[in-house]
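Chain IDs A, B and C follow the sequence of writing; residue 1 opens each chain.
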Amino acid sequence: MMTNIYKPYVMAIDSIRQETSDIKTFRLAFRDPAAQTDFRFKAGQFGVFSVFGQGEAPFGIANSPTRSEYIECSVKRVGKVTDALHELNEGDEVGFRGPYGRPFPIDQMEGRNLVFVGGGIGMAPLRSLLWNCLDRRDQFGDITVVYGARSVADLVYQQELQEWSARDDVEMVLTVDPGGEDERWSGEVGFVPTVLEKANPSPDNAMVITCGPPIMIKFVLVSLSKMGFAPEQIITTLEMKMKCGLGKCGRCNIGPAYVCKHGPVFSYEELMTLPEEY
Amino acid sequence: MQQITSRIQEEARRLLSEDLVDMVIGYEEGWDPSTTTPCVVRDEAQVSRLIFDERCVYNLARYLVGREGYLTSRFVPADKRPRVALVARPATLRTVSVLIQEHQFGREDLVILGIVDGTASAVKPDVEVGQIEPDDARREETRARVGELAQMSASERWAFWREEFSKCIRCYACRQVCPFCYCEECIAEENRPQWIGRSPLPRNNISWNAIRAFHLVGRCVDCGECERVCPVDIPLSLINVKMVEEVAAVFDYVAGVDVEAAPALATFQVDDTDDFVR
Amino acid sequence: MESRTLPKDRLDQLVDALIADYTVIAPKDERSYGEIESASEWRSDGDKPAQSLKQFFLPERELLVRYTKSRSGVELVEPPSPRSMARVILGARPCDVAALPVLDLVFQWDDEDSLYLERRESTAIIAMACDEPCTTCFCASLGGSPAGTEGADLLLTELDDAYHVAVVSERGRELVDRYSDLFEESSVEHERQRVQAQEASLAKLPRQVDIEGLDEVLEFENPVWETLTQQCLDCGICTFLCPTCHCFDIRDEGTPQQGERVRLWDACTFPSYTQAHAGQPRPVHYRRYRQRIMHKFRYYSENFGRTLCVGCGRCIEHCPVGIDLRQVLSQVRTG
């Protein structure tokens, strides 16, 4: 009997962390412990999470495969399903289908200098990869992280941002948009692309992994080009309205690509071959 | 009919060559001698495409309104909207009246090349390009069928409509063809809450069709397009015409015959009868 | 290819025998194929129904999983396997049948869609050759034919006193063996009549459209898209009636305590299809229509090697505003 690919795992909410006023990180555990042990995923993959009775929505898996006794997703409250998720409590059950999608090409990153460029909740998939790299630190070169949000209150993973800043094997450059700083803010003030140019990481033997709002990505790509990065050195992960997550329902198509199968991770070189419809 | 075609072409040529309009919306030959298709002519040289005969049934006012309508488009600044000439059948003339009453555009925003049939219409064409026979036969037939339904008991009628609506495939052709379904966010698309279930279960189909009928009360001018386009032959005219009769009986109001009138269901008079409230 | 004949006066017997052993689906009326309980319910003449066979493999509303919340948590129940319902589709048009191998490609890609595939496995198809193609048929442009056998297990062609029965597949052979007392041998004369019937129907095909190299010619940036189909209403008729369109939505219907997760037909022509909080990449009609055409005539073949169209012509016949896909396809070439 073939497996019903649409049947989700049942997950229990282990803990909820309020990141910002409208973003929560959910830590989920498989209700079936055997499923937990068997579960494997790679950084950059996503899952289709659901609130029974409300519907499904895709979110990147925010924890690293090196820390996978649970699954985490960071969810911004923007619509019906995310609203419903935000109303849930520890112990409540949700559905999960996954892991889906093409992960970050971590093999290609070995031995290279890595530059993470994130905006807002775009930090979630980057977090998965960053922890993955930090947990295998000696396999990678320099690691630089440029991360910004609209304001101090909109930065996610604040505790980990401090943890990473305290490490000497990763350079953290944090910024808030002009006007988003408070009296205690000691990081940069400026839009992410500007701050990225100021940080000026070298393109030599480097790869950039970027994720954030489309407008940020657009200007980050301009900056990276100015800084001498080639398209094949730049990796991003796309958000497109997805449904099945399995390459069947057609909703996430951009040109011939299915974001859920050929992506969500794409190199900028690949993105340039796709029609601008995202 | 050939005379009407010639008049339309003559007027279109004049309006375009004297730069009085940017486009003429009319009818042209279709893929087969039995069909025509709506067309937009922007160039004097294309005017010979415009035709008119008994095959030209579409209610072209539909293209004026809505999120992408030529006179109301969200994507075109108000001062850049095109000057439109519209080939208008009698039902389209009544439609334009209601759209003006509902403030979708002003009479001066449109040049009307009208085909009249002697029946009442609030809106007079700018140019009368022809006269046709009124579609009395269709209207009589519809009225007769409405009469038959009125003879049924409530439960017989309910069974009739339940049967009809179970055929509905939720293609929304009825909505898309209707000039009065210009809501930028249709209630059927709302998901917080999901007012109308999206799946084609009988109860959801009844919700959809009933709510659409309610939203047309006091507005429908019986152009007949919804019934014509339904791919599963649901006799939609019957509901809408029944509502037209009810509104006439209760409020002494018929849509499309007086452009100065306040729409019956959009206004309240202190002496409005309320004996139908039980 | 092996063949038999079925004398015309035994057709009803065959239908009755099939009905006794299987769920039988046949053209019922102008609108749709449907389950028949007797031979008289089969509308075997006339044009093909407005709806294709798609609904029997990808239902318009299909249960994916049922959920119930109890004190011990959420329980999920899957729908019963379609394998348990052996079906025979009878009198299907070759275009509708040819659509199924095309659809198979996406439903078996990587993650095999058991709901669709098990329905395919458990359904035998007896196609009927067309003797009167419609004015909108362009199956030949897509490599099909009024007498096409792709996807069929048996193909019936009406002759003078009998039906020619082409045994296309192993499953077709099993059907013929099962009811072997109804079938006769096929003679040279039968074959001659079959060829004649096929040629006659091919000759009646209306003008076709040149698909050759179309996928290469279709360009996203082509300015002709902006004015090509201004009269389109953005309804779902062409998509829902199309035998190869398969986009779907997934929704939960019910309360937090119990309900059903279902999939529903959806259409890329609907404005809300790509509407998301993050943005709307296809806010205006021409972008949606461009996606529809490029998906069917270029992207699907880039991914799966087949065009997502069988030339059945329903989109032309039933478009409420008279858009002709054949004309659209030739205009994107030249425009």
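We take it that a residue touches a chain if its C-beta (ideal position, glycine included) is under 8 Å from a C-beta of that chain, and two chains touch if they have at least 3 such contacts.
Keep in mind it's a predicted model, so treat the numbers as computed, not measured.
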Chain at the geometric heart of the assembly (C-alpha centres): C
Most remote chain, CA-based centroid, reference being subunit A: B
Centroid spacing, where centroids are CA-atom means, of subunit A and subunit C in whole angstrom: 40
Separation of subunit A from subunit B, taking each centre as the mean of its C-alpha atoms, in whole Å: 48
Subunit B and subunit C: spacing of chain centres that average the CA atoms, whole Å: 33
Two or more partner chains touched - positions in subunit A: 79
Residues of subunit C touching at least two other chains: 249, 251
Interface residues, subunit A side, partner subunit C - complex: 1-8, 10, 12, 31, 50-56, 78-79, 93, 95, 214, 239-241, 243-244, 246-251, 253, 255-256, 258, 261, 275, 277-278
For the subunit C and subunit A complex, residues of the former touching the latter: 64-65, 67, 69, 73-74, 76, 78-79, 81, 83, 106-107, 109-115, 117-118, 220, 246-252, 254-257, 259, 261, 263, 266, 268, 273-279, 281-282, 287, 291, 294-295, 298-299, 302-303
Subunit C-touching residues of subunit B, taken from the complex the two chains share: 30-32, 35-40, 58, 62-63, 67-68, 75, 167, 169-173, 175-177, 189, 197-201, 225, 228-229, 231-233
Residues on subunit C engaged by subunit B in the complex (per definition of touch): 31, 50-51, 60-61, 135-136, 227, 230-231, 233-237, 240-241, 249, 251, 253, 262, 264-265, 267, 270-272, 283-285, 316, 318, 320-324, 326-327
Residues of subunit B that touch subunit A when the two form their complex: 191-192
